[in-house]
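You will see chain A twice below: alongside chain B first, and alongside chain C after that.
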Partner chain A sequence: MANYLIRRLNLFIATSLLLIGILFYATHLFPVDLGYALSGIQYPTDAQEAQIIEDYRLDKGSVRQFLAYTGERLSGNLGVSVTSKRPISEELLLALPASFELAFVAGLIALVFGVPLGVIAALTHHSALKKFIMAGTLTGYSIPVFWLGLTLALWFGVKLGWLPISGQINLLYEIRPVTGFMLLDTLLSDSPYRIAAFRDALLHIILPAVTLAVLPFTVVVRITRAAMVNVMGQTYIRAAEARGLPYSKIVLRHALPNALIPLLKHIGLMLGPFASYAIVVEVIFSWPGIGSWLVSGIYQRDYTVIQSGILAVALLIVFSSILIEVLYTLANPLSRKEFYGSN
Partner chain B sequence: MLRFTGKLRLRLSSCTLLGLALVGCGPLPVPSGLVYCSEGNPESFNPQTVTSGTTIDATSHQIYNRLIDDNPYTGEFIPALATSWHVSKDGLNYDFELRHGVNFQDRPYFHPTRQFNADDVVFSFERIIDKNNPFHFVSRTGYPFFESIGFEKLIKRVVKLDSDKVRFELNYPDASFMANMATDFAVILSKEYADQLQASGHMSDIDSKAVGTGPFMLVDYVKNEYIRFRRHPGYWGTIPSADQLVFDITPRSTIRLSKLIVGDCSISALPKAGELPVVAAHENLTLESQPGMNVAYWAFNTRKPPLDNIKVRQALAYAIDKQNLLRAVYQDTAVEASGILPPSSWAYTGTALDYQYNPQKARDLLKQAGIRNLSIDIWAMPVARIYNPNSQKTAELIQADLAAVGVRANIVSYDWSVFTRKLSSSNYDSVLIGWSADNSDPDNFYTPLLSCGSVASKSNRSNWCNAQYDKLINRAKVITDKGERTELYRQAEEVIDAEVPLVPLAYAKRMLLKHTDAPPILLMPFGGIGFNDMGNKGQQ
Partner chain C sequence: MAQTKIYLDDAIPSPAMKVWRVFASKPQALAGLWGVGMLLLLTLVGHYLAPFAAEFQDPDALLLPPSWNSNGTVEHFLGTDDLGRDIFSRLLYGVQLTFGTAVAIVSSALVVGVIIGSISGMMSGLKSSILGHLLDALLSIPSLLMAILVVAVTGPGLSNVFWAVGISLTPQFVRAIHQTVHEELQKEYVTAARLDGANALQIFWYVIMPNVWETVIIQTTLAVSAAILDIAALGFLNLGAQAPQPEWGTMVLQGLDSFLTAPWTVTIPGLAILLSVLSVNLVGDGLRSALTPMRN
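Up next, the complex of A and B:
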């Protein structure tokens, strides 16, 4: 077990170092002075200039520079934003929770609606219903997210005027970030308007979360269905049926948990596309998360924001993929062989 | 078919969608305040250091006050921080009596111990003109407006006569001096705050952690998201009725419109002409518009071949169809420009010759100039401005017109802050840009846009310097008779017409969208937006 975890940890470290290496190289390609691209300070004073050279070892060879760069980035010195002149780490800590919140709500929607629908599609003998669910998910899978987002925004926001289509909350509610999750922060705040603020935040998250949920939702339905069909054909299910267990118990206690294991693996594989969808959704709905932060950084030629945004998103994906893989291995008895494997 | 009003719909929908999760429906209670959907990030919180309208809107009338204000309709000056003023007979000395009982804003980073006095006025202007002032070089962008009008050369010194009396000594008479004192750029900072910053070594905070005497104080700014202001309880004028003012930074105009429709903001900046039918379809939205003191133009970089050739510039001016441009981009929200001065100015004569659309003439002129296969870059602003709601579209139309006379055009664009920075390095062929006046004086168009001095201060986007033109506008500046000045400006327009450093395109109306239940806003022909003093200014 320990060996297995160490191997995964090594994988994480190696991938991260490679990533930082690519970023370090790319930083040299920015069409500006290296010190500026690294620190985000366009007009440094003499003291700042000396500090930048000292921090990033700009007077030394490229290996020393790379080590210094890695050290600075990993210790949380991401430089300052070119446009706002504030430390990147501060901005990142504001943007990240907003992205997590959106992803969490979208994931919840996908699972809460996707799993039952997948089970129904697998078990129903009603062929029209099955075909309807499968056709629906295939359609959802094929719709480009930017089109879907804009259509929903146009319909529910502009035409009907039902739902807000931009931002996290009506800005008149002054909510101090505590957890960074707007829905929680509204409830934690001591403002007399906190319930109204919570409901307002809830209304704001509906459209972006639904748009972002469509892709994982369709995948969840399809994977759950395939896995359920597979599991229901297994001998232990037939044995349970033969023993006369109630059907609902067979499905919920014996079949579903086993069917969810492949789902976990697929969630891990889906993280990359999910993250890029999240960036598109954040831009469409002006959600103040890391995606729209990164994209506006690109437009504003904010070199430090670009580097840190890419670093943060990529590290998160790498870390979560490995985490899900570990969870999958722990949950799946069949793959536990790998603990003892020699490879 | 059933039709619901907007509010009822909202209530129905929130009930149906959230009815299960939450008890109670109906419109949500919202704290008192005003949300304004603005179009971009401010570059600084001190208008002295910028020319961008976005920054002016966010700072000048909110955080700060000026010595005097300007009534746009009569051209008269209104007391602000100065209660009265006196001009010496030779026009060289201007004395201002200062207002008593004016408080600076109390912020977590600065607690004022004294009220506004002459030291603050002297400091605010010495910072601009005196290179030895410790704060002069704190501004990395300089003082572009003041540099463009030659303020440094104009002012001999600023003297404190008494704690409530200040004298400006001029090197030569200048008819636009008072108007320039009333512009959005001539704000008053706190000397006490500056001293505190100097002592603590955080001098650059003076332009970001702003302290002023205005009706709203800066609370919080999150880039790309919002600027939050709270009302200044010790304000000397009418204290704002709204508890807070929030600028919701929303660069895309369709998003601003949708935020307005769903009620996330109550006033929204710079609508595109194509969105006006949508506004008309919503009963609870209104459009406020007012002929503006602005001009949109297409400037040629006259220092870069082949645009240094007058014939080429004339050819390009003949090649574009302005009427078509007005139809497609402005849709009745602008009038065709004939010169750089708009009709709402008192010096407007409307006699400037106009280059009427004539592609054949354009081809002939290019042939005469011996230019073949001309290819130029057109820089187009990425954001909507008052004078041009959609530069990209303008550029595309010009591109098509130029193609018809055999000129290839390439459209270049960057994000706004990058755009202005790259423009300043002057390596472009032509740029679609414009100018919104800062005060009612016609000099505010002629000097910053095309004078030789403004080449260095980067507001002369044509990099054009003409001795005859400079002589005319400098003479117009020192006389006060409006008739004589009008005549001189007419002659200046003729020089522009002959030399074509730029092609004026349109005079746009200023437009704002607002909810019908939002407080009344009086739109001014020029200058930044103010959320406190608008209601009462028009009556004076």
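Up next, the complex of A and C:
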């Protein structure tokens, strides 16, 4: 097992280095001065220029430059933003929690509604219902997310006027960021209107979270259904039936846990598309997360924002997919067979 | 009547025939196949069918609703946008930009992916793992981020979409093919062929490849639908196809200004994207359920 964990750690380090290498290479291709692309300072004073050359070893060979670049980025020096002139790391720390909040709520919606629906689709003998669920998920899988977001915003935001369609919270509420998660911050704040602010934040998150949840929801339903159909045909389910266990107990205690294992694996594979969708959703609903930050960065050709945004998101995805893979191995004894045999 | 058939038992269908029979027994899969066929046809001849040129602006018909609305006319079947351009014609022109580009990207990614994936799958040990995992870092960059990186380097445009989406799709092909080849290589029929004296190339082409095509086909349909969605999303974010081009995602972006007064400028291109992706997915779904029982 230790061997396996070390291998995964190596994979993480190697992939991260490769990622930084890709970004390092891309930085050289940016159509601006290298020092500007690295630091974000367009017109440096002599002292700043000397500092940039010193920091990134611009007078040395490319290997030394790469090592210096890696060191600077990993130690948290991401340069300053070209447009706001503030350090990137500050802006990143403000934007990340908002994105996490949105992704977390969307993922929660997808799992809470997706798993039961997948189980129902697998167990029902009502063929019309089954077909309806499958057709619905296939359609949900095919909807362009920006179009769905716009349509939902038009109906529920503008025509019906039920839900706000922009931002994280009404700007009238002044909430001091503690955790960065608006839903928690409103509850933690000591202002007299915190319940009203919490309700407002909750209303603001509904539309973006539902839009973002559509893709993972459809995938969760389909994977759960396929896994559940597979598990219900196994002999141990028949054995449980033969012992006379109630049907609900068979499904909940014997079938569902085993059906959730393949789901875990697919969640890991889904992270990339999910992040792409999250960027689009954040742009549509002006969610102050890392996606809209990145897209405004590209509109303004803010090279430091682009680099560090991509680095942060990609590293997060690499880390979480390796974490999910490890969890999958822990949860699934069958996948451990390989290294019991070989070691 | 002359008895031409001497033996009463049925002819045994070929594997391809079996797949087709299972596939054709599902009406939704066939509908998807018709849809994809139509899209392929429109990619080639859409220009000739369009009643107006893509950039033709009719100043007398600004924001005309679709023809089923009481204010619409049949001339502009799906209405016009805020510059008086015929949406139906633009959709027909856009098939080539959205669907055609998606197919082109996927075919290039497929060729590269098959080559790298099968070479790395056939090798073993460190070499294979280096080749097989070389592109994994790219796999972890989502397609949109890749596009942002490419746009930062070269500026927006449809040709950059080609690179961005292509670079993010290729590792998926490499990984899928690498894994399948690697798995097949462990099986006993390969050992049997090797004992018969087949060399590596023969094993690869005659023994393993016939069993890999299924994975390739399934992966391709998945990739086409992902590519269409990516191209449209990039067009919508103004990072892909640029303003006057009738790419479907770009059309949604352009319709956004008049979304409240004329929702069809957004709804109709969006529906076009939805229906094309849906038909590709229906075909993919049908193929998967037709191929899976054969593999087991």
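FYI, the second predicted complex is superposed on the first by the 337 of 343 C-alpha atoms of A that agree within 3 Å, B and C clash if a C-alpha of one lies under 4 Å from a C-alpha of the other, contacts with A are read in each partner's own complex, and residues count from 1 in each chain.
The rule we apply is simple: contacts are C-beta pairs under 8 Å (C-beta built on N, C-alpha and C of every residue); 3 or more make two chains touch, one makes a residue touch a chain.
This one's a predicted model, so the numbers in the text were calculated from it and none came from an experiment.
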Combined model on chain A: chain C and chain B, fit or clash: fit
First (chain B), second (chain C), both or neither touched by A:Asp200: first
Which of chain B and chain C A:Ala106 touches, first, second, both or neither: neither
Contacts of A:Pro144 with chain B and chain C, given as first, second, both or neither: second
Contacts of A:Ala314 with chain B and chain C, given as first, second, both or neither: second
First, second, both or neither for A:Arg301, with chain B first and chain C second: both
Chain B versus chain C as contact partner of A:Ser84, first or second or both or neither: first
After the two structures are overlaid on chain A, angle v-u-w for chain B, chain A, chain C in degrees (C-alpha centres, nearest 10): 90
Touching partner for A:Ser292 - first (chain B), second (chain C), both, neither: first
First (chain B), second (chain C), both or neither touched by A:Val158: both
Least Cα gap, in Å, left between chain B and chain C after the two complexes are fitted on chain A: 6
Contact residues common to both interfaces of chain A (with chain B and with chain C): 158, 299, 301
Partner chain B, residues of chain A touching it in the complex: 42-43, 81, 83-86, 91, 94, 153, 157-158, 160-167, 170-174, 191, 193, 196, 199-200, 202-203, 206, 286, 288, 292-293, 296, 299-301
Complex contact set, residues of chain B against chain A: 6, 9-10, 13-14, 17-18, 21-22, 28-33, 35, 41, 140, 208, 221-226, 228, 244, 246, 248, 250, 252, 255, 257-259, 261-265, 278, 282, 382, 414-415, 417-418
Chain A residues touching chain C - in the complex, by the definition given at the top: 11, 14-15, 18-19, 22-23, 26, 29-31, 135, 138-139, 141-147, 150-151, 154, 158, 272-273, 275-276, 279-280, 283, 294-295, 298-299, 301, 303, 306, 309-310, 313-314, 317-318, 321
Residue numbers on chain C that touch chain A, as the complex places them: 28, 133-134, 136-145, 148-149, 151-153, 155, 168, 225-226, 229-230, 232-233, 236-239, 249, 252, 256, 259-260, 263, 266-267, 270, 273-274, 277-278, 280-282, 285
